[in-house]
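Given below, in the form of structure tokens, are the structures.
Note that subunit A is present in both complexes that follow, paired respectively with subunit B and with subunit C.
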Partner chain A sequence: MNESSDPRVLIFACDWCPGLGSDRAGQDRLSLPSCFRLVRVDCAAQVSGEWVIEAFSGGIDGVMVMGCHLDACRHQGANHRAHKKLETLRWLLSGLGIPPERLCLSWGMGREALPFQEEVQKFVSTLKLLKTGKEA
Partner chain B sequence: MESAEERTKSIGRELLESGRIRGLLAVIADQSGARPGLLRKPEEVYSLVFQPRYLLAPMVHTLQAVDSKTTLGIVARGCDERALVEMAKAGQVDLQRVVLVGLACDEETARQCGCSRPYPRKIDVGQRVEGIKGIEPSGEAMMHQGRQVDWTAELARCLKCYGCRNACPLCVCPECKIGLPMWVQTGLVPPEPLSFHLIRAYHLADKCIDCGSCQDACPAGIPLRKLHQYLLKVLEERLAYVPGLDANQQSPLFTDLKRAPFCGPEIPRWMSTLGGNEQGELKGE
Partner chain C sequence: MSRPERIGAFLCTCGKTLAGSLKFEDLKNRALSLPGVSFCHVHNALCQESGREFLEKEIHSSRPDAVVIGGCSPRGHGAIFKRLFMEWGLDEEALEVVDIREGCAWVHADTQDGASAKAQGLLRMGWAKLAAREPTQDTTVTLLDSALVLGGGPAGMSAAMGLARQGLRVYLVEKDATIGGRLRSLSSLYPSGDEAAGILNRLKGEVETLPLITILLRSEIAGVKGYVGNFQVQLRGGEESKIIRAGAIVLAMGAQSFVPRELFRYGELKGVMTQDELESGILQGEDLGGTTVFIQCAGSRYPGRPYCSSICCPVALKNARVIRMRRPESRVFLLHRDVMAPGIDLERLYHQAMEANVRFLRYSPELAPSLEGTDRVQKVKVLDILSGRETVLEADRVVLSTPLVANPGNAKLAEMLSILTDDYGFFSDRSVLEPNRMVTPGVYACGTSRWPCSVHEAILQGQSVAVSVATLLRRKTARASDFGPMEGVKGWPAVVKESACSGCGNCSQACPSKAIGLQLSDGRKIARVNKVRCTGCGTCAAVCSGGAIQTQTLSDSMATKMIHEAFG
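Right after this comes the complex of A and B.
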């Protein structure tokens, strides 16, 4: 498993709100945890359950799917459907005994740097808690 | 007093004689045993039996693909009907060209199958018996039931025979994702449980009609049904959707949140599963 104690996080961010938010966070030199990798997608609804499942299979500790505000998806409310699909996946994971907290769905990032930083930091600390909770 | 089998045979004979249907799908028995079959002539109807219970619905799709004009009959149990409804939603079956002879399962069959709805909507033959609740209705008990099974141990027996996928009436994708090396590693047996079984359960989330074909087909005796039943219960609770009941009802996974009883009439501006935002908490989370 991991040498370092940092959880491995994979973030799927849609090109619009969270993607630009992450860019701004970089421009503003905000302090972000170093343990995540960001993948830009055209729309968060592109993220299929298989991608998340494959990530967990491959050893990723947590996956975040970030998209725009629920009433502000430029792809005709695709984030609604993405939320329902991935929420179903969270329930399925929970039924198998995998903590659903490992999949985070966040809709509501504007193109703002600070919310991006907060969400990522919150998620990483949730994962760290899960880890210590398990080891304790 | 006519027995249920006699009644079914006379209905079948009548449908064939009148020419309303070209063939009747049923379980038939001859000297080689019982098997699913297609009865073409009215006089062949004598060989119709009820046991063993066998899901005949997938054959409707196969036969309709061969002959796109004629009407078929089918001795349909509750599970057959639900399968046909869901297959119609997926465009696999034309319900206009299917005549159902509704068969309500008897108590012993219902108990053996552990079925929650052992009767079709319109019952032509048989007495309706109430179903068995496979899973506790809600909350912690429900979550617990899914986890009651030691999935790591159970799924470790999987041979990757694809029997579950082949037997399932709703596994209809021409290019099945779990057949692609991209998602399921070739040559690895047992497969990564997350890849194979989780993807399958996730894809069938809003389609599974709890017919039990997957579990029946599994040579390793994995309790696959429990996985699907758990998710179905969650869907029923959270999204008020039960697959297989209404051919006109679209799955909630295709509609926006205003139409699913999820966050209520007001959609929060910011919704995050991490919580802590104004109106951020989902109902029921």
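Right after this comes the complex of A and C.
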């Protein structure tokens, strides 16, 4: 990981809930660190484990997958399956020597502006702590 | 579409709101440096009339084969831009709207450098998504101009009538020996007070004479194959078992009345009856003199069945008033937990019942009324929680208002059609905008198969379903991608990379739409997607261990390219 600058964060956000939260955060003019990039997906189930690995190997410090509340998936519970898959991936990451904290899964927190902001800020702080060993 | 060679870029400053927080000149230069980008224009309001005219002019003169727009969130004007692009002869999937406002300038107002760097990253990602796009896979479906309506009650008859009047062939499937459903056993209808027989005769008369309606009696669904526009429904019973081909399926099988076994000594004491039994009594002109006690919420609004069945209060109010009108010397008590009579008509009904001297006593479920008598009910003991007094009512009959409960057959049908039921077994919808449509495209539900409702509401829902179905089927053809998880949401079918597919069947088992099967190809099993059934949800992608099945909206190559450009 790059020691000097802010962490590089990639967020895959389901367009139903977290996509709305991102929009609302903007409409409420909440302040967020500019070090994240958000990719809108139709459902968290689309996010492939290979994309996460690809991101890490490309120099991205943290990947966050934001989906809807686990029992409120617009795709008949597809996010339950995504959750299982990505939790397994987190477990595998530690075996590869990658701190599993670098992959953050967030379900149902992203629909409103403030929780969206909180989730992103919390993850960025976690990554900063991982990088420097110090609280941000 | 194939891979774009001429990509156009438009940046919107949103009036002056973004001009101060993003460096547009740098952003434009960065866009122009991207491979394949042939032009980039900055405009101050692409969403306004002037902006749309500008877009149209530029697109017609430069003829790009893909366009990236940097501006507000795609949730803002994305759908409008897509529609305009289609009007201008471009592929709507060749448009990528990049959010540099809500998700960028507005949340990073404290750092112009940070926001500008991020906007460049987002723009590159939008470009990458377009540049890596594979030709989309879709297919055309023919929509049959026929519908199968299951259930010949008020909702089903109303749907069938509405469909036939719009020129569609209708197969009305009824399990009984005659149509009419619950209307056959009702005396009068709330809130109008109309006689049920009159309404039944008018509906039935029209349904039986419309030439486009075929009524199939004593029949049930045994199995369903196919998909929206082309279902093949296997029927059981009737004169012969046959297969009906229909473009859409309408579920209108109604609900059942809960039978209150072991509640309020029903079945043990004479004179204790359900609301349904009282309805037949009224219909047959039985003597209803003496004292009648209605007990509301008999079998509903307790932890095991917490919902309010919504029709029982109005029906009890209506019948209580009917008894008081017919027999002026009669006494009528209505024991309730809360009188559920919302809206203009039902509140009026409540007042009319009060004016007719129906007496209301409120009980608490913890101290429910108890019945006394040896062979016949004689007394009802109730604690009126408003006065705090225990009252003993001499009773000639006790009427239990029991809830409507879902047909036990709903679960099997839901499984057959890949649709959802709620916690209580009623068919449940997902969409606010298209509440009649079930989650499987082409399947609709109306009336009490969805939720307890009045005959009036059931008829209204039937008419509304008829409009939805006709709007769909009158198109005659559609694209597979038109059918997403809900109305107005695209459902690009999943794509299988055959070389990577191990034929394990995980996707086939997990698919909620039953859209994936395994087929032999060169001696090995390969996943095959039914493009129409597939709503593009991505469940298959989540369970594939080999990455062999993906959704089209964000393929591996698109995502990979975007990841590389994010901070590039």
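We take it that the second predicted complex is superposed on the first by the 128 of 136 C-alpha atoms of A that agree within 3 Å, B and C clash if a C-alpha of one lies under 4 Å from a C-alpha of the other, contacts with A are read in each partner's own complex, and residues count from 1 in each chain.
Here is the rule we use: a contact is a pair of C-beta atoms (placed from the backbone, for glycine too) under 8 Å apart; a residue touches a chain by one contact, two chains touch by 3 or more.
All values derive from a computational prediction rather than experimental measurement.
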First (subunit B), second (subunit C), both or neither touched by A:E54: both
Which of subunit B and subunit C A:V39 touches, first, second, both or neither: second
Partner chain in contact with A:S22 - subunit B first, subunit C second, else both or neither: second
Contacts of A:E119 with subunit B and subunit C, given as first, second, both or neither: first
Touching partner for A:K85 - first (subunit B), second (subunit C), both, neither: both
Touching partner for A:S106 - first (subunit B), second (subunit C), both, neither: first
Which superposed partner A:R74 touches (first subunit B, second subunit C, both, neither): second
First, second, both or neither for A:G97, with subunit B first and subunit C second: first
Which of subunit B and subunit C A:R8 touches, first, second, both or neither: second
Set of subunit A residues, in rising order, touched by both subunit B and subunit C: 50, 54, 77, 81, 84-85
Subunit A residues touching subunit C - in the complex, by the definition given at the top: 8, 10, 15, 19-20, 22-27, 29-35, 37-43, 45-46, 48, 50-51, 54-55, 58-60, 74-78, 81-82, 84-85, 117
Subunit B-facing residues of subunit A, complex: 49-50, 53-54, 56-57, 69-71, 77, 80-81, 83-85, 88-97, 100-101, 103-108, 119, 122-123, 126
Partner subunit A, residues of subunit C touching it in the complex: 73-76, 99, 101-104, 106-111, 114-115, 117-118, 121-122, 125, 420, 430, 439, 485-486, 510, 512-513, 535-539, 541-543, 547, 550-551, 553-554, 556, 559-560, 562-564, 566-567
Footprint of subunit A on subunit B - complex, ascending: 143, 146-147, 151, 177, 183, 192, 194-195, 198-199, 201-203, 205-206, 227, 230-231, 234-235, 238-239, 252-258, 260, 262, 267-274, 276-277
